[in-house]
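Multiple structures follow.
Look at the two complexes coming up: chain A is in both, with chain B in one and chain C in the other.
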Partner chain A sequence: MEFAIFFLFAAIAVIFALVVVLHRNPVVGALSLVASFFALAVMYVLLEAPFLAALQVIVYAGAIMVLFLFVIMLLNLSHAPEAPTRPVQQFLGYTASAAFGIGLVYYIAKYAVSTTTEGFFQADAHTIGVRMFEAYVFPFEMVSILLLAAIVGALYLSGRALPRPAATASQPGDEVSK
Partner chain B sequence: MSGNVAFDATDIVLSIVKIAVILLLWLNVTPIMVWVERRGSALIQDRPGPNRVGPLGLLQSFADALKFILKEDIIPAQAHKWLYTLAPAFGLLPALTTIAVVPWGRAFVIPEMHLFGRTLFEGGRIFNPIIADVSAGILVIFALASLGVYGITIAGWSSANKYSMFGAIRASAQMISYELSLTLAAVSVLLVAGSLRLTEVVAQQTNYYYVLFDIVKIPAWNVLSPAMWLSFIIFFVSAFAETNRLPFDFAEAEAELVAGYHTEYSSMKFALFFMAEYMAMATMSAVITTLYLGGWDIPYYNEPATFLGFLLSFLAFMAKVGFLMFIFVWVRWTIPRLKYDILMRIGWKFFLPLAILNIVIVAAFIAGGWI
Partner chain C sequence: MIPTSWFLILSAILFTIGVCGVLTRRNGITIFMSIELMVNAVNLTFLAYARQMHDVHGLIFVFFIMAIAAAEAAIGLAIFISLFHHRDTIDVDEANLMHW
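So, the complex of A and B:
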């Protein structure tokens, strides 16, 4: 039963991840990523970590992807069907990513799968909370400072009252959308 | 998760029964609430309201449902066909699934039965009236609630209509803003209960407090505790924003945006949005009941662990949910829609800091031993 559910949702996750990369419409891509994240959350449930599964959905599927979708819709991004003008770069790009993918699969198959210890591990809210505020309190606080810096930076960039050069200067959004 | 607990055919049947009961209830919420809404609005505005179909217009909703089925299903030529078709389902799914983690009655023991020469419920079996008693209960609610915005957003975008688009953008901005206050307000409840599991949140509220020099005994419902009032108000108001109800229905805003995100929808696709709205309302009422109003608890009455006790607690739960849904209707026809900038200001500059302050207050109450 668990086996069947795992492969079903693994397939869903991989297929939607492929759609994210391959589909031309950015909105469909963003929604596929949501579906992929949701399938990933099912993996956490199968690993008996419903807390992580809920966080996965809240943070990635619920918060981050909504913002992505929001920005895509707001800028009304449309796909620009570009003709392949740089065959050499394209060839190099495909080769490099294929090599990277093969290497990744090889090393994961060789090390990660064989070294996972079988057995019971705890991933409930209590255990994670205690770990986060005892063993990992320093990285945890550092991450929060990093996020704070990002927020302050975004506020500074969006809120500074600089005199605009001229009325003809395009807004940052324009060049993205066309 | 019940990974190591024996799970036999009886459990599967009981689970199916629970799902069927809740599904039937929640699917019937829409016609009933539409009737309550229309008659209620008529009562508030001093007019008769629908009174032609059936006694007191009770069958009006069924006539409406029939009409929905018979209407032509239009897909705009410019619309993104797939997403346009999927959007109503996306909207309905979170509203329908969230209720799975909410307990709706007292657990009771099903006695052993002998039926058709078979022994059923051998040695008595505990019936826990909750579909999925997961350890991350409240987080599952927020996870699914955060997915609720996709239905509206996709509908607005895929319709290829400017009004729909405005509705969708407003809705997504509004819902991610109020989700924060909603979650932070609920944290104080979790602090008191000491668990994310909703059955434990309710179990904690079945206790009693003794106030006024230990003379008066009041139920330990969170809404009755002074430390929780702020949290309750924030949660309740944010719930209106999360379910896109007036005074926060900017996704629809029929006076400004025609019908907002579902302007282009017709027939059963529109009916699905309609159902999603009322089901989300019912689910939100159930969550508020569980978090603040003691869930299925009947005050000053110790429900026995029998079928009768379960039935009484279930009725108490439904009565509380029904009362909250009536307040949803009441508020809709009493308070006009806010301005959009006021909505955003309330969410970010007022509710969010207050919700964080409230966590500190509740933590201080717990540290002081007053809760």
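So, the complex of A and C:
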């Protein structure tokens, strides 16, 4: 039963990941990536990490991918002309990534440790929280400051300049209001 | 119990698909989604080894990676919005101001 679930959702994750890479429409790609992340959340449950599975659904599938979809809608990309393909670049990219993937899978299958430690592994939210606030308080606070900096940076980068007061609006060299 | 190496192989496949997307696509948003795919493949590896080693640190790492990926997505998408305002495209080949 466990193995059937693993193979089913592994196939879902891989197929939707392929759709992300191969489909030309970024909206389809973003929705496929959401599906792939849901399948990965099932993988996290199989790995006995239900807290991170919930985080995967809430943060990745819920927040980050919605951000992607909003940006795609904002840019209105469906009217953009189709870019001409570059056969040499495409061929080199596919060949290099295929060689990389085959090598990676081969060496993992050959050398990765496949014996699992016996015993019960407790990885629920309580354990993670205790460990995090015992040993990782400082990185936790640093992450919150990083997120604040990311908010400020994203607002600065993406916002068009607000309309200036009339006294300063006509100054030359005002790049931001371009 | 599913062997750890199966999860590692799945992670390797997903990472390879992400690499393929970064190398072959030129739509900036799609490249960015491929990067997210690679980040998730690495998260899966962390969790697989955390279960094998019976160690919570891998899960805490995944937690931090998720937070940093959120920050990265916000900044990257803001950069693409800015690029679109200036160039009217998000084709990464068009962003060649620093090209030699």
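Note that the second predicted complex is superposed on the first by the 132 of 178 C-alpha atoms of A that agree within 3 Å, B and C clash if a C-alpha of one lies under 4 Å from a C-alpha of the other, contacts with A are read in each partner's own complex, and residues count from 1 in each chain.
In this section, a contact is a pair of C-beta atoms (placed from the backbone, for glycine too) under 8 Å apart; a residue touches a chain by one contact, two chains touch by 3 or more.
The structure presented is a predicted model; accordingly, all values stated were derived computationally and were not measured.
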Touching partner for A:128 - first (chain B), second (chain C), both, neither: second
Which superposed partner A:48 touches (first chain B, second chain C, both, neither): both
First, second, both or neither for A:152, with chain B first and chain C second: neither
Contacts of A:3 with chain B and chain C, given as first, second, both or neither: second
Touching partner for A:93 - first (chain B), second (chain C), both, neither: second
Partner chain in contact with A:143 - chain B first, chain C second, else both or neither: second
Chain B versus chain C as contact partner of A:73, first or second or both or neither: first
When both partners are placed on the shared chain, which of chain B and chain C touches more of chain A: C
Which superposed partner A:40 touches (first chain B, second chain C, both, neither): second
Touched partner set for A:63, first chain B, second chain C, both or neither: both
Footprint overlap on chain A, comparing chain B with chain C: 48, 51, 55, 63, 67, 74
Chain A - residues contacting chain B, complex: 25, 27-28, 31, 34, 41, 45, 48, 50-51, 53-55, 57-58, 61-63, 66-67, 69-70, 73-74, 124-125
Contacting residues of chain C [partner chain A, same complex]: 1-10, 12-21, 23-27, 29-30, 32-34, 36-37, 40, 43-44, 47-48, 50-54, 56-57, 59-60, 62-64, 66-75, 77-82, 84-86, 89-91, 93
In the complex with chain C, residue positions of chain A that touch it: 2-3, 6, 10, 13-14, 17-18, 20-21, 26, 29-30, 33, 36-37, 40, 43-44, 46-49, 51-52, 55-56, 59-60, 63-64, 67-68, 71-72, 74-75, 77, 80, 83, 89-90, 92-94, 96-98, 100-101, 104-105, 108-109, 112-114, 116-117, 119, 121, 123, 127-128, 131-132, 136, 139, 143, 146-147, 149-151, 153-158, 160, 178
Residues of chain B touching chain A in the complex: 1, 3, 80, 82-83, 134-136, 139-140, 142-147, 149-150, 153-154, 156-157, 165, 168-169, 172-173, 175-176, 179, 196
